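These are the structures, in structure tokens.
After this come two complexes, each holding subunit A, first together with subunit B and then together with subunit C.
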Partner chain A sequence: MANGIAAMEALADVIIANKEKLTELDAAIGDADHGINMTRGFEAVRTKLAAAKPEDIGGLLKLVGMTLISTVGGASGPLYGTAFMRAAVVAHGKTAIDTDTAAQILNAAIGGIKDRGKAVRGEKTMLDALEPAYEAFTQAMAKGASLTDCLTLATAAAASGVEYTKTIIATKGRASYLGERSIGHQDPGATSSYLMLATLTAFAKEQEA
Partner chain B sequence: MKKVINNAEQVVEEMLQGLVLAHPQYVKRVEGFDVLVRANSPVQGKVGLVSGGGSGHEPSHGGYVGRGMLDGAVAGAVFTSPTPDQVYEAVKAVDGGKGVLLVIKNYTGDIMNFEMAAEMADADGVKVAKVVVNDDVAVENSTWTTGRRGIAGTVFVHKIAGAKAEQGADLAEVQKTAEKVIANVRSMGMALSPCTVPAAGKPSFTLAENEVEIGMGIHGEPGTHRESIRTADETAAHLLNKILGDIALNAGDEVAVMVNGLGGTPLMELYVVNRKVAALLAEKNIKIAKTYVGNYMTSLEMAGFSITVLKLDSELKELLFAPADTPALVQF
Partner chain C sequence: MVGIVVVSHSAKVAEGICELAGQMAAPGQKLIAAGGMADGDIGTDAFKIQAAIEAANTGDGVLVMVDLGSAVISAELAVDMLDEELKSRVAIADAPILEGTVAAAVDASIGQSLVSVAATAEGARDLRKR
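On to the complex of A and B.
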């Protein structure tokens, strides 16, 4: 379980390191708080992880989800919080992640975001990074790719998804009030989703090496 | 950016402490949470009203906790919806056995967090109903938006639904009255200068020296367009016409008017705006039953204002004129 905790700490590090970047992206089309709120949440996650002894990955993800729900606020808190809580359900009792479990976790997280945000792909949200990532992951998995290869392809798809958000009009969240003026800006939520996926991918590669 | 603060991370906490110290006869803190409730909460046998949202809109919402208005207010981080556990604490603290109405401004984050809190309260057997305020006509409702934003008109919901609850109405009746206010209230604002979220340290947008943003939201989120500054009369007329284009008002109808400052606008200028609003409504033979001019729903130090018009019927008028005794609004 030390690996799982280290992976969540790596997530916290990348969000905190990108606090200003995420806030600037949000300032362009939203209310300039995404990096600030996510940093507050992941600093709390880091504090909780230092004291926590989760017995399985489900317990670990639940701890992260509960912490984000009670500290982030805004829209990202309920969305990421629900994503981690749903992922916790499918990871219950697991102490290691294989390709199949990773796919289930990603799928459950996406389902949580869709239910809570009442959003679908193409509305300039985190789903525009995560859904293509899940598709790339499962396509690679079907061809028998390794976990790190699946993750690498998923991360590349998420990166393309972030680029795609520059070309579309926001229809969810505060950015939607901008209408066509939101075109040209990448979505901060899609960006933070990409950053987390990229970090988990790098972490998995380090473990394999 | 200069601000009268000690530490950006502590602004909300220190504001809440100062507010309670200023108004102990009205409000108390729910220990360990960013929640203010009436000093005598829970009021038994009365529907509780809870609102809240990001901080930075003072006196909204903590300033409206008191007799005739809210029972509880939840303060999120600046411009950030409070979390579900905080809202849930407010609900528990004000429930006097007749249920609790949540008054939510229409923002994606607020709706999700308050809904999660309602789910928690439901699981506890507390009756919770909710209304969503969406009075801002700047951004048209269309397939491209999640609906209109909730701005200064929310204060009329607090006032009128609060008075209804004070009369002993049940939860469904208070909710219905709140929904009637929402159906009949429209607002629109504009900004001359931006505001700076303390934790961000710099403005979230910039305007050129001679430029204003029409339709500006209360979090610095952009409005409909930018233009060169015009006279107060021209700007007031533009906003009021957008509002009147959206709500059916006939000669002889009665309204309440709010000219609301966004935090950095002198009252002097708000009265200049009100002069024009009153004149334009008089031209149309629309009767102003009551006018509020002041800082009711602010956006930190943003300079600018919003106009709100509420169409009244006999019920809404009676409840609007009912007494209120809160830190930010006292009416006898």
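On to the complex of A and C.
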């Protein structure tokens, strides 16, 4: 379980390191709090991780989800919180993640965000990074790729998804008030989703090396 | 009586609205503020909202009033986390938070049902100032 906790600490590190960037992106099309809110959430996650002893990855993901729900403050709290809580159900009883479990976790997390946000792909949200990532992951998995190869392809697809959000109009959240003026700006939620996926990918590669 | 929970990003806003609506409400009317974060920052906290709903329920259900954006998503998550029995007796109003809460408090205080109180809150959208 030390690996799982280290992976969540790596997520906290990348979000906190990108606090300014995420807030700048949100300032352009939203209410300029994504980096601040996510940093507050993941600082609380880091504190909780230091004290907690989760027995399995399900317990670990649940701890992260509950903490984000109660500390983030903005819409990303219940959205990412629900994503981690749904992922926790899939990971219940598991102490290691294989390719199949990783796909199920990603799928459950995406389902949580869609249900909670009543959103679909193409609305300039987290889903524009995560859904292409899931598709790339499962396509690679079907060809027998390793976990790290699946994750690498998923991360590349998420990066393309973030680029795609620059070309579309926001129809969800505060950015929807801007209408066409939201074009040209990348979505902060898609960006934080990409950052987390890229971090987990790098973490998995380090484990393999 | 139907209980009322007021969810705002700001603890002060939620408390102020409860204070104002309380002037119009009967003694014993549950009006519970669930604003801001535990550390006093601006934001919404689904666990705080969940606890407020449970505290506001006296058996006749609870109407949840929300302000902007994440208040809606956090309130929906809070409702999802309630036990099934209470969940079926909670509604989130699509209404202006201040006028809606005042109108709902009056309606709830005279013992109207959750459906009626919710409709009254939502009807506050059409209230004219002059």
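By definition in this document, the second predicted complex is superposed on the first by the 209 of 209 C-alpha atoms of A that agree within 3 Å, B and C clash if a C-alpha of one lies under 4 Å from a C-alpha of the other, contacts with A are read in each partner's own complex, and residues count from 1 in each chain.
We take it that a contact is a pair of C-beta atoms (placed from the backbone, for glycine too) under 8 Å apart; a residue touches a chain by one contact, two chains touch by 3 or more.
Quick caveat, the model's predicted, so the values are computed rather than measured.
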| item | value |
| --- | --- |
| Clash-or-fit label for the pair subunit B, subunit C on subunit A | clash |
| Which superposed partner A:192 touches (first subunit B, second subunit C, both, neither) | neither |
| Contacts of A:169 with subunit B and subunit C, given as first, second, both or neither | first |
| First (subunit B), second (subunit C), both or neither touched by A:67 | neither |
| First, second, both or neither for A:178, with subunit B first and subunit C second | first |
| Partner chain in contact with A:27 - subunit B first, subunit C second, else both or neither | first |
| Touched subunit A residues, subunit B compared with subunit C | B |
| Colliding stretch - subunit B into subunit C, listed as 19-27, 109-117 or 235-243 | 109-117 |
| Subunit A positions touched by subunit B in one structure and by subunit C in the second | 31, 37, 40, 69-79, 116-117, 173-174 |
| Sites on subunit A touched by subunit B in the complex | 23, 27, 30-33, 36-37, 40, 69-79, 116-117, 169, 171-174, 176-179, 181 |
| Residues of subunit C defined as touching subunit A within the complex | 9, 37-39, 41-48, 69-70, 73-74, 76-77 |
| Complex contact set, residues of subunit B against subunit A | 54, 76-85, 107-109, 112-113, 116, 139, 143-146, 149, 197, 199-200, 204-205, 217, 219-222 |
| In the complex, subunit A residues that touch subunit C | 31, 37, 40, 66, 69-79, 81-82, 116-117, 173-174 |
